[in-house]
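Both of the next two complexes hold chain A, though its partner changes from chain B to chain C.
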Partner chain A sequence: MTRLIDLRLGLFLAALFAVTVLAPLATTLPSTSALNLPSYLIPLMGKYLCYALLAVALDLCWGYAGILSLGHGAFFALGGYAMGMHLMREIGARGVYANPELPDFMVFLGWTELPWFWYGFDMFWFAAVMALLVPGLLAFVFGWFAFRSRVSGVYLSIITQALTFALLLAFFRNDMGFGGNNGLTDFRDVLGFSLSAPSTRIALFVLTAVALAGCMLLARAITISKAGKVLVAVRDAESRTRFLGYRVESYSVFVFTVSAMMAGLAGALYVPQVGIINPGEFAPANSIEIVVWVALGGRGTLVGAAIGALVVVALKSWLTATFPDLWLFALGGLFILVTLALPNGLLGLLDRLKPRQAKPAAEVPA
Partner chain B sequence: MPFRPLTLIAAFCLAVVLPFLASAQTLEDLIARLPDGNFNDRAAIVAQIAETGDPRAAQVLDALLEGELEQRSADGRFVRVTGSRNNQTATDVLTGEDLGPVARRSTEAVRVNNALRRSIRTALGVLTLMDPDPARRLAAAEAALRSPSPDQVEALAEAMAAEANATIRIAQTRAHAAAVLASDLPLQAKLDAVAVIGEANAQVVQQTLNAYRNAAEPELAAAVGAALAEAESRQRMWSQAQNLWFGLSLGSVLLLAAIGLAITFGVMGVINLAHGELVMLGAYTTYTVQQIIRTNAPEYFGYSLAIAIPLAFLLVGAVGVLIERGIVRHLYGRPLETLLGTWGVSLILQQAVRSIYGPTNREVGTPDWMSGAWQIGELTLTGPRIAIVIFSLAVFFGLLLLMKYSAFGLQMRAVTQNRPMAANLGIRTGYVDALTFGLGAGIAGLAGVALSQIDNVSPNLGQGYIIDSFLVVVFGGVGNLWGTFAAALSLGVANKFLEPWAGAVLGKIVILVFIILFIQKRPRGLFPQRGRAAEG
Partner chain C sequence: MSTALIGAPLNAAQLYLDGVCRSFDGFKAINGLSLAVAKGELRAVIGPNGAGKTTMMDIITGKTRPDEGKVIWNGDTDLTKIDEAGVARLGIGRKFQKPTVFETHSVEDNIRLALKAPRGVFPVLFDRRSAEENRRVTEYLDRIRLTHLRAETAANLSHGQKQWLEIGMLLAQEPQLLLVDEPAAGMTDAETMETAELLKSIAGERTVIVVEHDMDFVRALNCRVTVLHQGSVLAEGSLDHVSARDDVIEVYLGR
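Right, the complex of A and B next:
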């Protein structure tokens, strides 16, 4: 029986714990101190952790079940919209038009009553459930249809991309009732705590870290379970697994749905920290970027996916600020580098540098 | 004012056509009599002015209509006074000579009332209806059709009788019919008029006849109703034809964008996400060629596309060969990695173009021979769209022939069907791979040249086509060029037929969802390849 927490995961979780404890403490230090962390960095770090969680979600279905989804950004955005809708409702009468019932953009569009799909989002628990349920349901239905018809590999990638593209177009429409082009923004507070207060920000950051750790443990638990073994078998030899009597589509739908719900959770945590959600999150390019995080870190490692996300996003922040023209070159180069030279990502590189005992390196075909 | 021979001829023609004009007085005499008498006398003079056929008559009547025709007290000269109350300037109404500022009390206006204004408008209508310039005659007839007035019945009848140009005569006939409808002529004349108008295009029929839908005479109302219904059904038919045409046009754009992909993805099985960027490179090649021609030899601008087409094919094809040799070659058999690697290429190409040409849209011109539009019934076909439909068909069939009848096509099919066997038979498979990928890329470049004519040339050009192209190829059935053809055209047409009732964006979403569902039902597309190899 494989241990739930192996060395890598243990190290990562320990590091995550350390950062989660130390970063909030560092903001309380006097600003003259060298160790002082400006408090505006806390939501930024929270955002990074959301991306890491998203990468873990994708790694669960790509790395272990071989389902390369190019539409995970859609699940992320749907989770984000669910949370954004709650935050919109919580603005209440403090909006520009001071309408206690309708968000500003609806008043602006001349709507007189709340569309039915906005009902219930004034309750936090409802929004939180929806942030998981909506992406989960979409993934379940989509996956059920796709896997039952044995759509796999590249075909699946292309139709997931089409899915997020269709959602992108749909959410851009004003009459969809999700704020159109501008999306949802101008949030004030969550559960009565002001979103701009440092304490709320720290709480959200800690919550994100806990969610990340929890999801990594869950994903790890799934992958070391018997179902996880079957998933790897599906990834490596789908027909053979089927011949052995396993219901391949059930396992695939299960892992796809769990993965989508994790992505939705990441989106729901992302929105209050970033303060906006707009249809741009559905862009197919965003979803493909998630793939490079996972690929860079190392597919099928979970820890690698999280590290890959943190590295690439940090690189992006730095490059877009200092050399904006170089970012796409770097990202494009990264894609090529990873596929040509680092098929197992950074963690795979680590394994190759320090060959441990006689254990053969896990081979991860596409 | 110089006396132009053309005016002379025109005046002469009018004199021949309307013999009674010969006895009319000169324009100067008539104007001189304007201030005398009452409004009725003036109306008579206005009619006579129109009958002189003098080319200056229009400007005189126009000034009179605007109430700007005044007579200078000092010398009795007729001037047109314009400007505000305290800052008036005068021009000679006959010669147009600028007479500078005038004092307010130094001129006496020729007064007009509403009845007189109506007469003037009629007279002006007659004047322009008989204008020597055919374009102005046509415009006048069309204007008369748009706002029919019973006063114009006779003028239009005269103009019709005198008209030699068939197109203008038809316009005048319709305007006449519209005027008859507006008049109190007997019922039979009106029924004839309805019949005449019924032959016009649907829009005109509706504009003109809608007002008489509930005419007092039951026969007239019935005739109008029938004509309107007929026009409506005709319009519906034409709008279907219009949709079909737009659909074919969109379909051929999709076809162009997808053909290259049908080779790289369909035949070779390589997922090339940089395909859209290769299309974009083709468009920028066109732009660059045009820039060079514009600055160096503008007189050859008409040939710019003829130069850009082979150049784009070769250039983009070369980029394709580079991509294949550099990246794709190492990833055969690993489709998901290929997908990621080519996505990286697409990002780099996008940013490279953005760095070189800037992020904004670039202007690509349309050569004169291609611009313009043709009218078939109530359908307008624009030049670039026709050219793209023809071009995409040419590219498609050219490719089909190449695949089927050339040695290279044969080798290509051999390598994709059974690589080891092809290699055993002495085919250099690596070489064929590179050329096949280059061919697909080159065709993407051709698509770029064509798309530069109808789309914005910007670094994001390719992004808009990549998903559509993949869906077309997958929908049609991978590895099947005819499937791609059928898929592109049917998706294009379906999209345009959905648009009227669903809106452009929703129509597109419906199509996307349809394809997603379709692929779930038939994962191998419309026309799947049969046989053992198809299972992969």
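Right, the complex of A and C next:
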């Protein structure tokens, strides 16, 4: 039996744990200390962890089941909107227009009552459930039609890209009732805790780390199960899997839905830490960037996907601050580099550097 | 379904193809093919390239829908209404022409995935490996003589070993009918003869239909032979009987 926590995952989780404990502690040190961490960096680190979670979600369906989704940003954004809607409702009468019921943008648009799809979002638990349910349901319905019709490979990638693009256009419209171009912002607090308070920020950061660790363990449990082996079988020899009696579409829908729900969770954790969600999150380029993270880190490794996201996002933060014009070239260059030189990503490179384990030579009968 | 269609001599047939037609862009790959195979029978299907052998297998296994005709399984089920996974679950296993195994999985896992067991997502997700399962895996590995390569990644096997592994996966499914497409391709003479012996040992307990080009192999099977030509049956009988016929010689053997 393959172990749930192998060396790689163990090391990653240990490092994640260390950072999760040490980073909040470092913010409490006096600002004169060399080890002091400015508290504004905590939400930034939380944001990175959300991206890592998103990468793990994509790796689960792309790396293992071969479903290259170029629309995972949509599931992330939907999770984000669900949480954003709750945070909007929680502003209450403290908005510019002081309307206890309607968010500011609705008052501004001259609306007099809350649209039906905003009902329930005043309750945190409802928003939290929706952040998982809406992306999951969309993935289930979309996957059900696509996989049943045996849409796969590049065609599937293209329609997932179309899906996120369609949502981008829809969410840009003011009539949709999600704040149009500006999206949802000006959040005040969550569950009564101020979002600008350092303690809330730390709590959100720790929660994100826990979610990342939990989802990585869940994804790992799925991939080492017999069903995980079936997913890899689908990826490598789909028709063989069918002729063994496995309904390939059921497995694909299952993994696609689980993956979308993880992406939704990442989005829901992202929004309170970043303070805004707008239609830009649906941009097709965002979804492609996720693919680059996973490819760079090492597809089909989970840990690699998370590392890939952290590396690329850190690089992006640094480059866009120092050489803003270079970022897109760097991203394109990275993708080319990975495709040509690192087909198995950074983790694949590590494996190659490791001394090969001595394996008894396979005896080949005549 | 009319029972009159399946007459008295045919109700013993486990698999019965009745007037099956299928064309691709106007080309009639299968043209009024009728064929009956009895339970436990070993049957060889031969024919020149383009005779419709692989299309016939595609139709039986639900990969391709026929334009006309029926494929009756065990006298009461029309296979043309069922998808590949459904056909497989009825107990029909298929081996491809090109050996198709799960390359990144170990030899053992290949067999394990094939073992007869529930196939739904959730039972499979929560499946726990049991000692009984290990015993069954070992049994099939012994039978295909790959026990010593149990932990090896399937991609590292030789062509012949992959053929055997795929046959092992087929056996692990415990099918009632095995459809075997050119099992001897790429095998050495010794392996070819071993494969023939293996298939003969399976027949009786299970029904086996073998599509093959290699005449020595068909001779070694020593079974009833169906000759396909242009999508329908040209001749049927013992190998000696069909190979003596002028029309068979003309379309196939004479070349």
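The definition used in the following text is that the second predicted complex is superposed on the first by the 355 of 366 C-alpha atoms of A that agree within 3 Å, B and C clash if a C-alpha of one lies under 4 Å from a C-alpha of the other, contacts with A are read in each partner's own complex, and residues count from 1 in each chain.
Everything below uses one rule, namely that contacts are C-beta pairs under 8 Å (C-beta built on N, C-alpha and C of every residue); 3 or more make two chains touch, one makes a residue touch a chain.
In this text, all values refer to a predicted model and were calculated from it rather than measured experimentally.
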First (chain B), second (chain C), both or neither touched by A:Val21: neither
Contacts of A:Gln161 with chain B and chain C, given as first, second, both or neither: first
Contacts of A:Ser250 with chain B and chain C, given as first, second, both or neither: second
First, second, both or neither for A:Leu29, with chain B first and chain C second: neither
Partner chain(s) touched by A:Leu191 [first = chain B, second = chain C, both, neither]: neither
Touching partner for A:Ala233 - first (chain B), second (chain C), both, neither: second
First (chain B), second (chain C), both or neither touched by A:Ser225: second
Touching partner for A:Val291 - first (chain B), second (chain C), both, neither: first
Partner contacting more residues of chain A (chain B vs chain C): B
Footprint overlap on chain A, where chain B in one structure and chain C in the other make contact: 365-366
Residue ranges of chain A touching chain B (in the complex, touch as defined): 68, 142, 145-146, 148-151, 153-155, 157-159, 161-163, 165-166, 169-170, 172-173, 284-285, 288, 291-292, 295, 325, 327-329, 331-336, 338-340, 343, 365-366
Touching residues on chain C, where the partner in the complex is chain A: 61, 63, 83-85, 88-89, 93-94, 96, 100-105, 109, 112-114, 119-121, 124-127, 129, 145, 148-149, 152, 156, 158, 161, 169, 173, 188, 190
In the complex, chain A residues that touch chain C: 1, 222, 225-227, 229-230, 232-233, 236-237, 239-248, 250-251, 254, 362-366
Of all residues in chain B, those that touch chain A in their complex: 271, 273, 327, 330-331, 334-341, 343-348, 350-352, 354-355, 463, 467, 470-471, 474, 505-506, 508-509, 512-513, 515-517, 519-521, 523
